[in-house]
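Down below are the structures I want you to see.
After this come two complexes, each holding subunit A, first together with subunit B and then together with subunit C.
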Partner chain A sequence: MSSQQSPKTQLAALSAPAVIFTVAMIAFPFCYSIWLSFQAFSSVGTTSFNGADNYVRMVSDGEFWNGLAVTFYLYILSLALQLFFGTILALVMFRSKKLPGIVRSLFISPFMMPPVVAGMMWLVILDPSLGAANYILTSFGLPPSEWLASPGFVVPTLAFIDTWQWSPYVALIVLGGLQALPPSVYEAAEIDGASPVKVLFRITLPLLLPTLVAAMILRSVDLLRFFDLIYITTQGGPANASNTLNIYGFRVGFEFFQLGYASALMVTLSVIVLGAVLVLNRLRDAVAW
Partner chain B sequence: MAILHRSMPFAAALLAASVSWPAVSAAADFDWRAHEGETVNFLANNNPWSTTLLKYQGDFEKLTGIKLRVDSYQEQQMRQRLTTVLNAHSDEVDVFMTLPSREGMQYAAAGWYKDLKPYTEQTVSPDYKFGDLSKALVEAAVFDGALTGIPLNIEGPILYYRTDIFEKCGVPKPEKISDLQTAAKKIKECDSSTTPFASRGLKPALAYTFSNFLHNMGGSYLKDGKSAFCTPEGKAALTTYAGLLRDYGPPGVVNYSFYQLTSLYRAGRSAMSFQSSNEFPGVMEGGARLKDTALMPLPAGDGGSHPTTIGWALSVSAYSAHPDAAWYFVQWATSPEMQARLAMEGIAPPRASVRDNADYKAWLAEEPLRQSWQDTLQVLADQGTSEVGVPIIRNPESREYIGQAVNTLLLGTGTVDEACAAADQALNGLSAQK
Partner chain C sequence: MASIHTRGLVKKYGSLTVLHGLDLEIPDHELVVLVGPSGCGKSTLLRVLAGLEAIDEGDLFIGEDRVNDIPAAKRDIAMVFQDYALYPHMTVRQNMAFALEMRGMARGEIKERVEKAAALLAIEPYLDRRPKALSGGQRQRVAMGRAIVRNPRVFLFDEPLSNLDARLRTQVRAEIKTLSQQLRTTMVFVTHDQVEAMTMADRIVVMKSGVIQQVGSPEDVYETPANLFVAGFIGSPSMNFFPASVENDGLKLADGRTVAVGDRVQAAATAHRGKPLILGVRPEHFRVAPDAAGALSVEITLVEPLGSDTLIHFKVGDAEAIARVEPDLRPKVGDVIALAPSPEKAHLFEEKSGALIC
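Entry: the complex of A and B
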């Protein structure tokens, strides 16, 4: 690079690889999906421009609305559970400074497991006939459950599995936030004689809000696009009770070969994810200290 | 109804031609080294056939000098990649595995298969014996006159049942579909620890097992070009299949596919399991079920006996840059020698000569149940129909609505009239789409 180049040119040259990479890997596929969403795919692979037909179709497609409802039900339930258990786990790890490393590693190990492996594992555990979960329930005289096979229970079960896997991840984020809290505030509270419960609810949790919102943003992106665990365990069933928008879009695209409509569904989902992130970003600004 | 349900004059001609095998001179000139140095990309479904075959990959490369590059995925992921590649008219894939009964019509209409008919006539090894392949399965791979794939195996749902439980409960071998319900009822009363009857309940997967009920009970998916679920036969099939699973099936049967069925039966927890013949090695793993199991096709119904019989096939992409070398791989993989090798590892052979092979017969004789498995498959080969789901281009999607109708009854969310009407409406809409 010549030393006579202006700083602006140098900046452009240095950032060019990153810009090219971003355009090639993110912008192009996204724009291509948008283009596809305005196409009609015949079942024999021919395409034609069909304007906004795919989006119009969505409005009258009961499966789309079902997918949207399932997506938000699963998202809200999982997020709430993960924030709750992740925060508790982080507080336990923060308070128990003498906790052996191996125990800490065990605490956080679930999220290092590939979701497909976790899905297979829970599929075996929750099998209504042969699984350990019902064996334990019935050993205590409790009635067995159909878990993933019950339309009313499938989403809470999926939320439970995802919470088991991802609460440790939230815990790590919250733990980082706890370690960054100013000690002076706690010293002042101690001098004032504040009880541990008051310290938790009046100091720790309010100060942790920006960290919790950051964790919410990270988990929201994943939860709204919930896919692998559902695909492994229920494929959207039973009776579409776990058919999230992402699963529905995948099946429409790759099993039924309606790539135009599937693209419209996925573009809509992307807009929802983007909207959620923007709202949460606003929230983060509001709670910043 | 025979498996040759899409009777096409071309197929008959093709088969007749193949039996007489006129291309003697072509065969005599055949050279396995003709494409030495070329590379063939094979997109495989990671199932027992491909994993067994690929143990011999080195033999193919040594024989032909062709390099075989394998890309292997689970079934659904393989289709996902395949549709992307073929839709882009890419030459990334030369050879792929396909289920003609599922996507055959769709892929053929899209022009994604290379017609293999000229290859079977002109570029064949003298010992290939094309006419030896199951006529029914060859026919099932013929679309609009083009031979789109060569059969790799033969399979279909069969009834695995526990002879010891039947004996203990005084239940005779079921002779008719209605006997299944009687048997299940008796077993439920006699042995509460056992699931009387199990089969597929998972919505996208159950068309495979349900189709046999529909056909045996005299029903068909289409009547005069319209969906026929609301015919008396269609409703009877829905009620019978869903009723058996709801009243006598395992808890959570609505999520059941091959994996759960095999686990349940192998663990000795189901008395009857109507599932794929391909699961035979898995069911018998560990040997616990070898001595207390019998096999049979689904009992006949009012419409007779029409077992579901399908098979995977090996196809060459229409966009392959090396179609001739790709055909060499297809030919090697479906040769009598390779199919005999695979048969002895539990892959049901689509070739008559393999079934008569001395080594294979000796392997079957080692266990009486193996012979029973082969005998049942022979019934499937002789009497089967490959109609799984509605025979339209959008067949994969049709299976969704069939599954939905069964699930409605299974979960008790609607009556049979509501379920069949919803299925008919959806399937007629699907048939009308291009």
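Entry: the complex of A and C
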């Protein structure tokens, strides 16, 4: 680069690749989706501006409200389970310093698996007639379950699979937080006479709150956009019981080719994700120490 | 309130022994300072006293109780950590109340004790703040407050002033000493700063490589250091050391010159004739004596004016030395000056063992 160029020109030139990438890969698709959400598509593929019709339709669409309810049910259940088991797993790994490396690797291996592979694996395990899950239940004299085929069971089952896969990820984040806690605080607590249980609830968990909220933010973005596992296992069924907003939007767009309405659904989902992140960010500031 | 004593105390980390059979008596009500260079074992000893490290051999008594196997929580001690170790998510009030809550004390009494300690340390305005909203000095006071509310038998301080700036350190140092006089509780204070040790201690324990070198009052260790290490460690700037041998009219230094040291040192040196000796003179124990017989004529290599007095650097043979002189002298680099060691204050050490002769 010529030394004749002004610092401003150099700055622009150096940041141009990142700016172009961001505009091409993020800003353009997002703005295009917003534009699409205000369009109506004809059967021959032409578009026409239809104002807020797509959003008005959404408010009166029972499928949308069902999708929203399923999304939040799955989100809250999965997030709670993943934080709970992730924290326990992190505490076990933190306390068991002599745990062999292979065991630690096994602990964290599920989230390294592609969701499609995990989905296929659990489809086989949870198969109502041939799966290992029902074989184990019946061998203990318990009644078999329909798991993913039961409208009542499907969301808890999906939450369980996602928890199995993503708790280790939460555990790694929490483990990082645990390792960063000041050791002298624990020595002070020891001298102050705090029992291990008191130390956990009065010292460790409150100090971990900012880390836990960070993990919540990361998982929230994924969980609110829950897609791949459902697409592999249930495709929104049975009877729309796992039809999250993301799955519903996908079907509206790519099965029924109502791209304007699908875009309105996705813009709404994006606003929900953004809102959740903003709320959790506030929470993180509130619990920072 | 309790005395502390250790008998043959040994602490090992694997094959590394860091405390070598320490025998130490810390009487009740005293403020004892453990001082020594990094790695001398002073903090390890404090942690052993606290119960944060297990004892490998020997005995530790607090009061009449042998506490080797008593956990930290039950030793009735309080500790102020180097980084204060305040609970960052709790307010000052909650920090101070925590240990009392763990003991199951009644709320009313906790409140009373916290407020009393806060008044003593002038931290009442900060009781509802979190540690991150406090300055270093305020955190330091809260850490002391957390210790005081427990009314323990022994206070342990692990280099609590090292994170403070020089001005605040002087202030807090005085506050801790005042506190010690008010509370009349046994205090053990660890520092690597010999000025802190000298100014605060009722008694100083000088340590090196896990071995106690000397125990005594600040005056004792300053005026009668047990060996070359203590002599060099206590006092700022350090004592000057000159390799020497005995001559009839004084001590012959490494550069061949003879210096007069007075009857006391001369007699002690004569008794060690033939052995390599070290003459020790503190910078403040040189006097400018142009007419004195046996004074050392030295060329000034560096001048450090401190206001109250002036430090002049010079060389005797290969040995670098410092003398503290009156500021009115206004010495300059390159001046030649006659310095005579004070006969009453000079020390003589055996070179081989480092032990004090006189």
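In the analysis below, the second predicted complex is superposed on the first by the 274 of 289 C-alpha atoms of A that agree within 3 Å, B and C clash if a C-alpha of one lies under 4 Å from a C-alpha of the other, contacts with A are read in each partner's own complex, and residues count from 1 in each chain.
In this section, a contact is a pair of C-beta atoms (placed from the backbone, for glycine too) under 8 Å apart; a residue touches a chain by one contact, two chains touch by 3 or more.
The model shown is predicted, which means the values in this text are computed figures rather than measured ones.
Given the superposition on subunit A, are subunit B and subunit C in a clash or a fit?
With subunit A aligned, subunit B clears subunit C, so fit.
Would you check which partner chain A:129 touches, where first means subunit B only, second means subunit C only, and both and neither mean what they say?
first
Using the touch criterion from the header, give the chain among subunit B and subunit C with more contacted residues in subunit A.
So, of the two partners, B touches more residues of subunit A.
Quick check for you: in the superposed arrangement, does A:289 touch first (subunit B), second (subunit C), both or neither?
Touch status of A:289: second partner only.
Between subunit B and subunit C, whom does A:140 touch in the aligned arrangement: first, second, both, or neither?
Neither subunit B nor subunit C is touched by A:140.
Considering only C-alpha atoms, give the closest distance between subunit B and subunit C in the superposition, rounded to the nearest Å.
50
Would you please give the residues of subunit A that touch subunit B in one complex and also touch subunit C in the other complex?
none
Enumerate the contact residues on subunit B facing subunit A in the complex.
The contact residues of subunit B facing subunit A are 76, 79-80, 83, 86-87, 106, 109-112, 195, 202-204, 250-255, 260, 263-264, 267, 269, 393-394, 396-397, 400, 404, 407-408, 411, 413, 433-434.
Where on subunit A is subunit C touching in the complex?
182, 184-185, 187-195, 198, 202-203, 206-207, 209, 289
Name, in rising order, each residue of subunit C that touches subunit A in their complex.
50-52, 71-74, 77-79, 81-83, 85-89, 98-99, 102-103, 130, 132, 146
Of all residues in subunit A, which touch subunit B in the complex?
Residue positions touching the partner: 42-45, 127-130, 144, 146-151, 233-239, 251, 254-257, 259.
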